[in-house]
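Chain IDs A, B, C and D follow the sequence of writing; residue 1 opens each chain.
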Amino acid sequence: MSKVTSMHDAVATAVDDGDSLYLAGFTHLIPFAAGHEIIRQGRTDLELIRATPDLIYDQLIAAGCARKVTFSWAGNPGVGSLPAFRRAAEDGYPTEIELEEYTHFGMIAALEAGASNLPFMPLRGFIGSDLPEHNDNIARVESPFDDDYVYAVAPIEPDVAVIRAQRADEDGNAHLWGIQGEVKLAALAADTVILSVEEQCSEETIRSDPNRTVITADEVDHVVVEPYGSHPSYAQGYYGRDNEAYLSWAETAADRETVEEWLDEWVYGVDDRREYVEQLGTERILDLEPETAYATPVNMGEYR
Amino acid sequence: MTTDETETTTETDTERAYTNSELMVVAAARELESDDSVLVGIGKPNLACNVAKRTHAPELRMVYESGTIGSNPKTPLLSIGDPGLAAGALSIEPMRNGFNYYLQAGRLDVGFLGGAQIDRHGNINSTVIGDYDDPVVRLPGSGGACEIACHVDRTMIITPHTERRFPEEVDFITSPGYVGGREGRAELGLDGGPEAVITDLGVYRFNDDGELYVDSLHPSATRDDIQSKTGWEIEFADDLQQTPEPTDEELRLIREVLDPEELYTDQAE
Amino acid sequence: MSKVTSMHDAVATAVDDGDSLYLAGFTHLIPFAAGHEIIRQGRTDLELIRATPDLIYDQLIAAGCARKVTFSWAGNPGVGSLPAFRRAAEDGYPTEIELEEYTHFGMIAALEAGASNLPFMPLRGFIGSDLPEHNDNIARVESPFDDDYVYAVAPIEPDVAVIRAQRADEDGNAHLWGIQGEVKLAALAADTVILSVEEQCSEETIRSDPNRTVITADEVDHVVVEPYGSHPSYAQGYYGRDNEAYLSWAETAADRETVEEWLDEWVYGVDDRREYVEQLGTERILDLEPETAYATPVNMGEYR
Amino acid sequence: MTTDETETTTETDTERAYTNSELMVVAAARELESDDSVLVGIGKPNLACNVAKRTHAPELRMVYESGTIGSNPKTPLLSIGDPGLAAGALSIEPMRNGFNYYLQAGRLDVGFLGGAQIDRHGNINSTVIGDYDDPVVRLPGSGGACEIACHVDRTMIITPHTERRFPEEVDFITSPGYVGGREGRAELGLDGGPEAVITDLGVYRFNDDGELYVDSLHPSATRDDIQSKTGWEIEFADDLQQTPEPTDEELRLIREVLDPEELYTDQAE
C-alpha cells in the first residue's frame, strides 16, 4: 500500500506542537527539507533531539519552534558554533530552551535502549566526566558478575523521527549507503516515522539487495520523495555537501535580523523543497555532483 | 595518490617560512606510528594523520567518528562526515558500532582532542565557561570527546595556547585526563591517558604524577610566553628541547596536497 | 600485508588444545572445512561455542575433540537431533562434555558483551524460564531508572573464532552478503580470528562497497581461500545447502561405528578441502549452483 | 507466484482425503490475520504462513529467526537459514538486531513453537526429559523459543498429541506460557501468551485462568483420544466445535505448491 505523500502533508499529519522530534543523519542525509516544512507550519514547543543539532536545529531554534534541545554536540561541523542555539541557551532568545546533554556514545546508547525496548543501556562512557551530575538519565550500575561498573542511560523514544535514504519503494522499504549514523536507531526508537528519499524505486530493487535495507515498511508511516532534500548536507552518490552554506551560516545567524531575512528567503519564501531547489539554481546543484563510481556487484543467487 | 602529489615542487612553496600552525601539524604527525589506529578529527588532526601516512607511517589506520574505517579521502575534509570519507573506505559502521565495538572495545590507539580549557592534569572542558546551568559561554559539548579520552591509549591535544585556556582546574570536566593525577585515572578503571599537548608555543607532556610539563619549545616561543598564559606554575623539562622544524617534504604535503586552500593552517607568516 | 595461508597452517598456528572456539555462521557460511582440519590435527579438550552446534560440532564431538559445549540450540536444522552431541551429553561418549546453555538471544547478547568489552549485556530474555538456575553467567539486574528489571549475561570471549565470507582481500577485509548471523560479533569477541572465503578479491573491490564489509583486516589474523569451504551448508550466490548430507547425518551419526567410517572417509581420508570437494564430485557440486541474480547497483560517487 | 501455482488442479490431487497433518497446517493458517508480523519456524509453521498468505492474509509479513524480513521463498524450506529466505527478502538483519529490535521491541505479533512437553498452563519444555544435570533425553534446547514465548502477542503451539507430551507440569520450563496462570505471567512483566495449541486431535485454547481447554475436536478424534493422553483432567468447551475441514484450495496449495515432496506433511491417509 503506497505511503507516498508530500512533506507538507506528512508534517501536518505527524508533527504536533510539543512533540519530541529526531531529525536523523550524522552529517549525511540530514532532513533539511523536513525541518523547513516544520518551520513553515509554525510548530512550537518542540523537543529537538539530535546528536549533532547542526544548522537545521539552529534554524528551528531561530524560528522559535523549540522548548528543549537534547544533544551531544551542538556545533556547525567543520566551521564553529551554532549562533541561534547559543542565543537561546545563553540569553533565552527567541525562546528559553532546556538542555538535556549527553556524549555521542551516551546519546546513541539511549537511542539503542529506545529502539530495543530496554529500560537502560550500559556503556563505558561518562567516566571521570562532570556530565552525569547534570543529567538524571545517566546512572552508575554495578556489574552483577564482578567488581566492574558501567554507566547506564535511560531510553530515548522520540514521538517522531524523520529519516532520509537514497531510495525506497512506495511502502517505505529503504536502501541507504554511505555513512549510516544513527538513522536506523532513530527510526526504530520513534513512534512515528517520516521517510524522505532522493528517489522512489520498485520493490524488486529493494528485494534484489536486502542487505542494503536500513528500515522496512512496517516501521515507516509516511514516504516523501524529495530530491535534494538534504541540501546543504549531502546524499552519497547524488550530491556533495554545499560547504558555502555552512560557512555563510556563521555570519547569517550571528545577527537576529539577518537570520530572519534568511528564513524569509529560504523557508517562508518557498512553498516546498522543489521551489527551494529552483531558487538554489542549476549551477549550484551541478557543482555538487560527484563522478560516478559503482559498487562491485554481488550475486544473491536465485534459488528455485 | 592524486596527480597533485607527484607534481614537482615549485620553489616558492616550501621556501616560504613555516608557520606555527604548520609546525603544530607536523609535531602531531611525528607522534604517530605506522601500526596505530587513529580516531581522526577534522582540521589539524586530519592533516597530521595524512602527513604521517605519507611520510613515516604508511600503514596508519584512520577511523572517523562517523564510522568510516580506513578512509582514503582525496580532498581536504569539510566535515567529519564528508562523502569523501565514505567513498573508498574499507568499511562503514553505523555510529553505534563505531563507539561500541571500536572505541569502547579498545581497538583504537590514538585520539585527537581540542578544548576551550585544558588543566594541569590534562582534563578538558568543551562544555561551558562559567556555571553549567547559567553559562557565560555555551560550548558545543562532548560529542565523541569524553569516550575518546576514556578509551584510546594515547590522547593528543592540539590547541592554540591562548590566555585563559590553561587554568589550573577546568570549569567543567568534559573529557577526563589524569583527573586528580595518574592514580585518580587508574581508580576510575581507565588505562591510557593524554600523551601530549601540542600548541603554537610548544609540545607539553605529563610527568609521573600526571601533571603537565613543557617538553619542547617551538623556535619562536619563550618560557615566558607559556608561563604568562598558564594558570599555575608550569614545569619545564630539565633537558628542554627545541621542537624540530618541519621538513620541506612535510611543508610540501600540507601546502600542495592536503590543505592548499589554507582551511586549517595559516601558511604565510 | 598478505595474511593468506592454508587452513592447515592457520589451524596449526591459531588453535591449541583446551582453547575455546567459535565456528560462526547461522546456518549460512558455516566453517565446515576449518572444523575438519581441527579434527585432522587431533585437537582435544576444546570448548566448542556456537549458538547452533549443527553437524560440524557433532563431528568434532564424535571425533573426541570436545570437553565443553556452550550453545543455545543443539539440533540438526530441519532434520532432528545431533546424535553425537546426545551420546556425549547423555552417556559421556566418546568424552564427557560440560554444557553451558543459553537461549539464542542470550547467547548473542553474551557475544555482544564480549565484542563490546562490556561486563554484561542486558536483555529481556529468560523470563519465566528455568535456564537462569542452571547458568551462573545469567543474572537478574534491576533498572536504575524505574521499577523494571532485565536479565544480564556475562561476556563470551572465545580464544579463536573462525568466520567465513564470500570474498576478502589478502589483508582480510571481507564482504559478506545474505544471512549475517553472529559472524561479526564472533570475530569481534574473539582473541584470534581465522577468516575463510570463497574467493580472494582486490582491495579496490572491498573499497568500492564499504557498507558490505563485515570485518576489517585489523581484526583478522589468518586468511584462507577455500572454495566450497562451507559445504554441506551454503554460501549465498555460490552454492545452496546440500540437504542430502544433513538428512543422511541422522543415520550416519546414529551409530558409533558408522560415524567413525564417515570420519575416515570424509575427514581423515582427505588432506584438505580441495580433496574433499574432489571426492564430492562435479555433479553434486553443480546441482547446488543457483541461478545468477545480481543486486541492483549503487553509486558511491567519486569525490575529488 | 511460481508457474506451479497457476497450474490446473488435477482431480486426484485434492480428491484424496486430507490427513491430520494437513488439517493442522490449515487450522494454524486460519489463526493468522493479514496485518500480522509472524516469526516463522520451519516445517508446518512455514506451510501455515504460506497458506494464509495465499488465501485470506495476503499482507502477512514473514520474519525468520535467521534475520530475514519479508521473505518470499520460492521452494519449500530446508532450514531456518535457507538461501531462498535471503534472496528476495525485503531486509536481512544480523541475528542480534532480529532479537533486539524486532522480537524484544514487540514488533512481532505471532510466533510458532513446538516442544517435547506442553503443560496445563502452556509452558513448554524443549530442554530435557528428566533431571537437567542427568537427563534421560537431552533435547535441543531453547534456540529462539524462550524469548518468542516472552514477546509475541500470540504464541501458536503446533505439535502431535502423543503419550506423555501433555503432563500437568513440564520437567523444565524452556519457554513460558501462563506460568502459574495468567496472573503469574503478568507478574513477570510479560504481555501476550499462548493463543492456541494445534495438535492432530484438536485445537485447544486457554481460559481466563490461563488453563488449557479443548476448543474444537478434529473430525477423526474423540474426547477420550485427548483425555487418555493428557496428564490432568482437561476441560472441554461447553460449545465444543468440530475443527473445520481444509478447503480444496488449501489442500491444493499444500500438495502442489508448498510441500509437494511431503517433507512436512503426510498427504496420504
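Here is the rule we go by: a residue touches a chain if its C-beta (ideal position, glycine included) is under 8 Å from a C-beta of that chain, and two chains touch if they have at least 3 such contacts.
Keep in mind that what you see is a predicted model, and the values were worked out from it rather than measured.
**Q** If you check the contacts of chain C and chain D, which chains show up for both?
**A** Per touch definition, common to chain C and chain D: A.
**Q** When the contacting C-beta pairs are counted for B-C and for A-B, which pair yields the higher total?
**A** A-B
**Q** Between chain A and chain D, what's the gap in Å when you average each chain's C-alpha atoms?
**A** The separation of the two C-alpha centroids amounts to 41 Å.
**Q** I'd like to verify one number: the distance from the centre of chain B to the centre of chain D, where each centre is the average of its C-alpha atoms, in whole angstrom.
**A** 59
**Q** Could you please state the distance in Å, as a whole number, between where the Cα atoms of chain A are centred and where those of chain B are centred?
**A** 28
**Q** Could you tell me which residues belong to chain D and also touch two or more other chains?
**A** 68, 82-83, 86-87, 92, 100, 104
**Q** Which residues belonging to chain A are in contact with no fewer than two other chains?
**A** 117-118, 123-124, 148-149, 178, 180, 208, 211, 236, 240, 290, 293, 300-304
**Q** May I ask you to sort the chain touch graph into line, ring, star, complete or other?
**A** other
**Q** Each pair of chains that touch: what are they?
**A** Final set of chain pairs in contact is A-B, A-C, A-D, B-C, C-D.
**Q** Would you mind writing out the residues of chain D in touch with chain C in their complex?
**A** Within the complex, chain D contacts chain C at residues 42-43, 65-68, 77-83, 85-87, 92-96, 99-100, 103-104, 123, 127, 132-133, 135-147, 149-151, 172-176, 179, 185, 188-190.
**Q** Using the touch definition up top, name the residues of chain A that touch chain B in the complex.
**A** Interface residues on the chain A side: 26-28, 51-52, 71-75, 77-78, 81-82, 85-86, 89-90, 101-105, 108-109, 111-112, 123-131, 134, 148-149, 178-182, 184-185, 234, 236, 240-241, 243, 246, 290, 293.
**Q** Within the complex, which stretch of chain C touches chain A?
**A** Residues of chain C touching chain A: 117-124, 137, 139-141, 143-146, 148-150, 152, 154, 166, 175, 177-178, 180, 201, 205, 208-209, 211-212, 236-238, 240, 290-304.
**Q** Please name which positions on chain B make contact with chain C in the complex.
**A** Going by the criterion above, the answer is residues 2, 37, 61, 68-70, 72-75, 82-84, 86-92, 100-101, 104-107.
**Q** Would you pull the chain A residues touching chain D in the complex into a rising list?
**A** Residue list for chain A touching chain D: 115-118, 173, 188, 203, 206-208, 210-211, 213, 215-219, 300-304.
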